[in-house]
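Chain nomenclature is as follows: A, B, C, D, E, F, G, H, I, J, K and L, assigned in order of appearance, with residue numbering initiated at 1 for each chain independently.
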Amino acid sequence: MKKIAIINGPNLNLLGTREPEIYGKETLADIRKRCEKKARELSVKLDFRQSNHEGELIDWIQEAGREASGLIINPAGFGHSSVAMMDALLAIPIPAVEVHLSNIFRREEFRHHTYTSRAVRGIISGFGGLGYVMALEAVAGK
Amino acid sequence: MKKIAIINGPNLNLLGTREPEIYGKETLADIRKRCEKKARELSVKLDFRQSNHEGELIDWIQEAGREASGLIINPAGFGHSSVAMMDALLAIPIPAVEVHLSNIFRREEFRHHTYTSRAVRGIISGFGGLGYVMALEAVAGK
Amino acid sequence: MKKIAIINGPNLNLLGTREPEIYGKETLADIRKRCEKKARELSVKLDFRQSNHEGELIDWIQEAGREASGLIINPAGFGHSSVAMMDALLAIPIPAVEVHLSNIFRREEFRHHTYTSRAVRGIISGFGGLGYVMALEAVAGK
Amino acid sequence: MKKIAIINGPNLNLLGTREPEIYGKETLADIRKRCEKKARELSVKLDFRQSNHEGELIDWIQEAGREASGLIINPAGFGHSSVAMMDALLAIPIPAVEVHLSNIFRREEFRHHTYTSRAVRGIISGFGGLGYVMALEAVAGK
Amino acid sequence: MKKIAIINGPNLNLLGTREPEIYGKETLADIRKRCEKKARELSVKLDFRQSNHEGELIDWIQEAGREASGLIINPAGFGHSSVAMMDALLAIPIPAVEVHLSNIFRREEFRHHTYTSRAVRGIISGFGGLGYVMALEAVAGK
Amino acid sequence: MKKIAIINGPNLNLLGTREPEIYGKETLADIRKRCEKKARELSVKLDFRQSNHEGELIDWIQEAGREASGLIINPAGFGHSSVAMMDALLAIPIPAVEVHLSNIFRREEFRHHTYTSRAVRGIISGFGGLGYVMALEAVAGK
Amino acid sequence: MKKIAIINGPNLNLLGTREPEIYGKETLADIRKRCEKKARELSVKLDFRQSNHEGELIDWIQEAGREASGLIINPAGFGHSSVAMMDALLAIPIPAVEVHLSNIFRREEFRHHTYTSRAVRGIISGFGGLGYVMALEAVAGK
Amino acid sequence: MKKIAIINGPNLNLLGTREPEIYGKETLADIRKRCEKKARELSVKLDFRQSNHEGELIDWIQEAGREASGLIINPAGFGHSSVAMMDALLAIPIPAVEVHLSNIFRREEFRHHTYTSRAVRGIISGFGGLGYVMALEAVAGK
Amino acid sequence: MKKIAIINGPNLNLLGTREPEIYGKETLADIRKRCEKKARELSVKLDFRQSNHEGELIDWIQEAGREASGLIINPAGFGHSSVAMMDALLAIPIPAVEVHLSNIFRREEFRHHTYTSRAVRGIISGFGGLGYVMALEAVAGK
Amino acid sequence: MKKIAIINGPNLNLLGTREPEIYGKETLADIRKRCEKKARELSVKLDFRQSNHEGELIDWIQEAGREASGLIINPAGFGHSSVAMMDALLAIPIPAVEVHLSNIFRREEFRHHTYTSRAVRGIISGFGGLGYVMALEAVAGK
Amino acid sequence: MKKIAIINGPNLNLLGTREPEIYGKETLADIRKRCEKKARELSVKLDFRQSNHEGELIDWIQEAGREASGLIINPAGFGHSSVAMMDALLAIPIPAVEVHLSNIFRREEFRHHTYTSRAVRGIISGFGGLGYVMALEAVAGK
Amino acid sequence: MKKIAIINGPNLNLLGTREPEIYGKETLADIRKRCEKKARELSVKLDFRQSNHEGELIDWIQEAGREASGLIINPAGFGHSSVAMMDALLAIPIPAVEVHLSNIFRREEFRHHTYTSRAVRGIISGFGGLGYVMALEAVAGK
C-alpha cells in the first residue's frame, strides 16, 4: 500500500483559532480527518505531521523521499523564505504538491512568492482544507 | 441543475501540439471530455469555451456572472497582463477558480504573477487537465 | 454641429452593480443621460459607446479621430496595460480627455499608472459620472 | 453662504511668466478671477491664497478644515514630496480636490506621483485654469 | 509556391499620417507594394494583413502556423504587453521575424522591451518599410 | 536643572480628532501633561513645542542643541522626507530619541522609512502618548 | 499575578562579548536582572528565555499566547527573514512588543526591515537593556 | 554693478561645528568673507543669505530671479527632496550654480541625487568654501 | 565609390568555434566574403575590421566618421556596457547600423539592452551572417 | 593540536544522490575522508558535522567560536536567507571560510548572494569536495 | 615646479564638432590653451593628454600618481562604467578632480552616476572649458 | 609539460602600495613567486601576466584558450563591468578559475557581482596571494 506524507509547516497547529477570517475555522485535526477519509477511498496510507521547526520539516521531507511515494506540503510561512526547504524538495525523487489554505495572491505582496513552488509538481492555493484533498488526488490518484 | 462556465484563454485551442513538453499531449477536447465526465458525477451542466480574444473572454466572464453559478478560468497569457479581465472577475457575484496547466512558478519570471489570481477564490497550477477536474470539485462540489 | 465621441472601456457596462462601493450606483445609462443633457447645453452631438474589446476601442478611437472634434475616454482596465490604445490616442489629431470614475490614486499601486494619460490633454479621476460632464466642458466648451 | 478654500502651492505666484510653454500664459490673478466668477454662479464664497511655505500651506489646510466646507488644492511641487501635506488633508473632515495646471503624466517620471492624491476625493490635471473651475463645480456644486 | 504571412498590429493602418516624424510618410499600402515586388523576386506568395484586435492577430498567427511557411510580424504596441501573442508565436512551427518601423531603442523606456522578440528568429528595428523587405529575404530567401 | 526639548512635527496639533482610529483620542495637551508629570519625577525641565513648519522645526532642533541636554522628536510626516531635519539632528551634540504614536511599520510602505531614525539614539513607535514618557526616561533618566 | 514572557532570539546568549561596540557590554544575564527588578515593581512574573532555534522561538511564542498576558520579543536576526515568526505573533491574542538593543536604522540596509514589526503593538530600538524595561512598562504597566 | 545672490540652505548656519570631519572647520561667515573678497575682484555685489526654511529659500530664489543677475545655491539637505526648489530655479531667467561643500558622491546613496541639479547651469561638489569662489567666477566672471 | 566600414567587436575573431550552438558555424572570414560579394553588387567599397580593444574600436568609429559614408557595427559584448562607444556613434555624421548574430532578446537578461542601439539608425539581431548583408543594403542601398 | 570545525548545512547529507549533475557524485562521507587526510598532513584535528537545523548550526558556530581555532562552513541554502547565521559568524573570534560545492554564480539569481559571505574571511565556490581541502589550507595552513 | 596631469577620456578629441549643442564649440586644443594660460598664472607645469583607450587612461592615471602632484580627469563615457578607472584613482596618492563639460545631471539617467566621482576630491560639471580652469585652481592652488 | 596562464587585470601592478588595508602588502612579484614555487611542485609551466587594458586581457584569454591547459584570472575591476571578458572566457575550451585578493562580498555593493564568475569553473575570494596558489591546485592539480 502506497504511503503519502503530508507535512505541515509553522503555526498550522493553531488552525481554527488563528486568524479564522483568513484561515477558516477548520482545525488541523479536522483537515487530517478529511485527508484520512480520502486516503481510504484512494487506498493509500497517510503520514500526517506538523512542526514549527524548519530543520525538522527538512528532515521529514528527506524521510518522505526515502519512504513515501508522494508528498503534500503546506510550507506556511517558511515557503516565502526557505531556500533550504526548496532544496530538500528538489533533492527527493517523489512527486510533491504545495498547498496553501488561503489564496496567497490576495494577501500581502511578500506572500505572493514561494521558493517551494519552484520545486513541486503543482500548487493549490485558496481552498482551505479541500486543497489537501485535491492534492491527495493529484499525488495518489490514478 | 447548476451551470458551471469553463472559459479558456488564448492559444489553448492548440493544446496537444503546442510545446507539449510544457503543456502535455492532452488536447482541449480531451480536457473537455474529462470535465464533462466529472460534471455528470457532480450533476452540474458545463459551458465550455475557448477564445483568443480578450474582449470575448471578458464578455463571457460577465455572461457567466449572470447565468452560471460558478466559473473556472484558464486565462493563459492574458492572466499576466490583463487588469480588465481581473476587473471582470471582481465584478461578478459567483465563485471563480483559476487553473493553469503548467506550474507557472517553474517558468519564466514574468509568468509567476497573474492579475486574475487577485480576483478568484483560489488557484490550481501544474496539474494539466486534472487541474480542471479539481477546480470543478471546488466550484461545484458540496 | 460638433460631435464629441465618448468611449467607455471594459466592464463599464456593469456600472451600478459592479463593486458599487468603488464605482458608485450610477449606471452607464445614467451617465449617458447626464452627458446628453450637458451636450444639449453645449450644443454638441454625442457618440456614446462601450466595449470590452480593446481592438474595437482602438477602431473607435481612430474613427473619432476622423469624424469627431473631441474625444472623452474612460479606458478602465486597459489604461493600465495598453500601449496600443495610447498609440491610437497619439495618432489622432483631436483633443482627448481621460476620465476615471474612482480616484485611481487611492487604489492598488498598479492602478496609479495609465499609458493613456501620456497621450491626452488631461485626466479627471475620482468624480464618478460628474467627471464625464467636466470632461465634456473641457473638450466641447468655449 | 458656503466657503470654499483654494490653496495654491509653491511658484504658482509666478504663473504667466514661469515656463509658459508648460503652464500657460494665465496669471494666478486671472485664475482667481475665473474662480470668483464661477463662485458667484454657484453662490459660494472663496478664500483664495498662495504660499511657497509648506508649513503655511499645512496651517491653511487645517484652517480650511475648521472654517470651510470644501477645499481645492494645487500642491505644485510639494505634492510629489510632502507626506505632511497629505496627512493634513487626511486629517480634515471636508471634501478636497487636487488640481494641476499641466498634465503631470506627460512630464518627468517623478511628477507622475503625488502623495496628496491619496488624500483627496479626486484629481484634475492638464486643463490650465479651467481645472480650478471644474474643481469648484465638484466641491461646491449641487 | 511558398506563402509568407505578413501580419501588422494596431494603428499601422494609419501609417503615413500617424506621427510621420517617427513612423515616416510611407503608408501601409506603400509597404505592401514594396513587399509584393520583393515577393515576386523571391517567388513567394504574400498574405498581408492588419488588425487593431489582439485576438484577431493571434488567430492569424495560428493560421499562419498552419498554412504559411514563414511569418513577418510587426506587433506594434502589442509587442510590449502581450504575453498571449508571444505564446502564439512560440506555438507555431514556422520561422518568424519581428519588424519595427522606428528604432524602438531610441524611444521611451517602455518601448525597449517586447515579449514577442523572445519568440522569433530575429528582430529588425528602425528601417521603415525597408525592414519588411529585409525580413522577407530572411524568411523566404535562400 | 536639566532641560529636555520635546519637538512635535506637522499635524500633531490635531491629535484627538485626527484619524483617532490610528492616532488615538489623546490630545497633544494630554500628552504634554503626561510628559510634565514624568518630568517632575525625573527632576527635569521640559520645553514642549509643535509646528507644521519644517524650517521652524529645524531652528528648534538647533536651539535644543545649544540649550537643552536631550531631545525628543516626533517628526510626523517630515520624518519620511526630510534630509534637512536628519542633518539638523546629526549636527547637534545632545542625545535625541524619535517617537511615533502609531506603529509606522503596520502602515503604508512609505511610512516604514524615516531619515531621522538614522540620526537618533533610538526609536519608539506604536505606544501612543506612553512613547513620549518612555523617551523621557531614556533621555533624562539616570 | 500576571505573567510576561520575554523571548530572546539567536546569538543574544553571546551578549557582552559579541561585537560590544554595537551591542554594548551588558550580558543577557544583566538584562534579565534589570527586567526582574522592574517586574517586581510592576508586580508581574517573568518568563525569560533565549534560543538560537527559530522553531523553538515559534513554539514559545505560541506558548506565551496560551499562558502569558503579554510578550516581549527580541527577534534578533530572525526578525529580518522570518515570516513564520511574524505569523506566530499574528496568531496569538496577547499584546507583544519588539525590542532591539541597537538602533537597527543606523545599520546595514537589510536590518532596517523586520517582518515581526508588522505583528506587534510597537517597536523599541536602540536603547540597549533599557529597551526591555521600557517594553515591560508598556506591556505590563497600568 | 551686477548683483549675485548666494543662497544657503538648512543647517549651513552651523558650519564649523557641524560634523567638521565632513564639512570642514570654515564657518559660513568665513565663506562669506572669501566670497566678498572674490566679489570685489570681479566688481560684483553680493547678497549672501542662509535659511532653514524651504519656503523662505524659494521666496529668495524668486527674488533673485527678479533682482540679481546670477545665483549661487547650496541647497544642502533640501536639494535631495525638494521638487519645489527645483521648480523655482527652473522659473527664473538668470544663470544658477549649485554648490556642495562635501563631495556628495562619496557619501550615503540618497545624497548622490539632487533635484536642483536638473535646474542649474552646473554643479560644483567637494571643494569646501573654495567651491563658492569657483561658482562666483562661473556666474559673474567674464 | 562609397566606402562602408564594418567594425566587429570582441571575440568575433573566434566565430565558427565559439559557442557554435549560439553563434553558428560561419567564421568571420566567411561573413567577410558574404559582405564583399554584396558590396560588389552594391558597388561600394568595404573596410572590414575586428578588434578586442574598446579603444581601438572607438578610434575606428571616429575614423569611419571621417572617411566612410556608412558604418555597420557589431559591438558584441561592449554594446551592453560601453557608453563611450555609444558616444562615438553619436559623434559621427554618417548613418550606422547595429548587427548581432544571435537574437539577443532570447538570451540572458543583461544582453537585452545595448547602449549602442540608442545611437544607430537601426538594429538587426538574430540572422547570423545574413544580418550583415541586410545591414549593407540598409546603409549602402539606394 | 589545533581543532578546525567543519560545519555543513541543510541537505548536504544527501550528497551523491542529490542532483548529481549540480553537486557531483561525492558523498559527504567522501568529503570527510578527503578533509581528514588533509588534516593529518596539516597536523590539525577536525570536527566535521552536518545538520538541517538552522538553530543547531548556529549553536555549533558559537561552540566552534569557543573551542576551535578555525571554522569552515558550507551554509547551503541557509546562506541565502539567514541573517542569524551571519550574526553568529560575526560574533565569533576565529577565522571562518565559506565553501560551496557548485559555482553559485552560474545558478539561479537568488543563489548569487549569501549573507554569510559578509562575515567570513573568504569564499570558495565551485570546486566540489576540493573546495573543503582548499579551505582547510587557508584556515589551518601556515 | 609642480606638475599637474590633465587626462581626457574617449571622444573628447572630437570636441568642437561633436554634438556642439551639448558640448559647445570649443575644441580640446582651445581648452588646452586655456589651461596652459592658467597654469602659467599658477606656476605649474601641465601634462595634457587624451585617449579613447581605457587601459591607456589607467596607465596614465598610475603614471600621474608617481610623477604629478595633482590630477584633473574628464572620464567622459568611461566614468559611467569603469570600476577599473575608479580603482586607479583610489590607488594613487595625489588629489584628483573630475570635470565634465556638460551638466551630466540634466542629461539621460545613466549619465547621472559616475564611479570615478567616488574616488576624487570633488566634481565640477556643466561649465564647459571653464571647468578645467576651476579644477586647476582647486588642484594647483595654494 | 602543461602550461597554466595566470592573467591579472587592472591596477594589480600596484599591489603592495595600493590600499594595503584592503589588498595586503604582498606585491604582484611576491604573488608570482608563490605561484612559481607551487608550479614547480605541480610540475606545470606558468605564464604570468598583468595588464590595465581590457582588450589585451581578452587577447590573452583567447591565447590561453589556444596554448594553455588551464587559466587563472583575477579580473579586478573589469570583472564587474566586462561582458566582453566573460564572453572570452565562455569561448575558450580550457578550465578557468576566478581569483580576488579581497573578499568582494564585504565591500561595496557593486563589487558583489562579477560577469566573469558566470564563465568560470569556480571563484576564490578573500585569501590574498594564497588564493592564486589554491587556484593553481584546482586547475593544475590531480
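Keep this in mind: a residue touches a chain if its C-beta (ideal position, glycine included) is under 8 Å from a C-beta of that chain, and two chains touch if they have at least 3 such contacts.
Because the structure is a prediction, the values reported are computed rather than measured.
Separation of subunit A from subunit F in touch steps, taking the shortest path, is 2. Under the contact definition, subunit G and subunit I share no contacting chain. Centroid to centroid, with C-alpha atoms defining each point, subunit F and subunit I lie 62 Å apart. Centre-to-centre spacing of subunit D and subunit H amounts to 31 Å, using the average Cα coordinate of each chain.
Rounded to whole angstrom units, the spacing between the C-alpha centres of subunit D and subunit E is 47. Taking each chain's centre as the average of its CA atoms, subunit E and subunit J sit 54 Å apart.
Multi-chain contact residues, meaning those touching two or more other chains, occur in subunit G at positions 53-56, 81. A list of each chain pair in contact follows: A-B, A-G, A-J, B-C, B-E, C-D, C-E, D-F, D-H, E-I, F-G, F-H, G-J, H-K, I-K, I-L, J-L, K-L. Interface of subunit D with subunit F (complex): residues 53-56, 58-59, 62, 81-88, 90-91, 115.
Subunit G meets subunit F in the complex at residues 103, 105-106, 112-114, 117-118, 120-127, 130-131, 134, 137-138, 141.
Those residues of subunit J that touch subunit A in the complex are listed here as 9-11, 13-14, 17-19, 51-56, 76-78, 80-81, 110-111.
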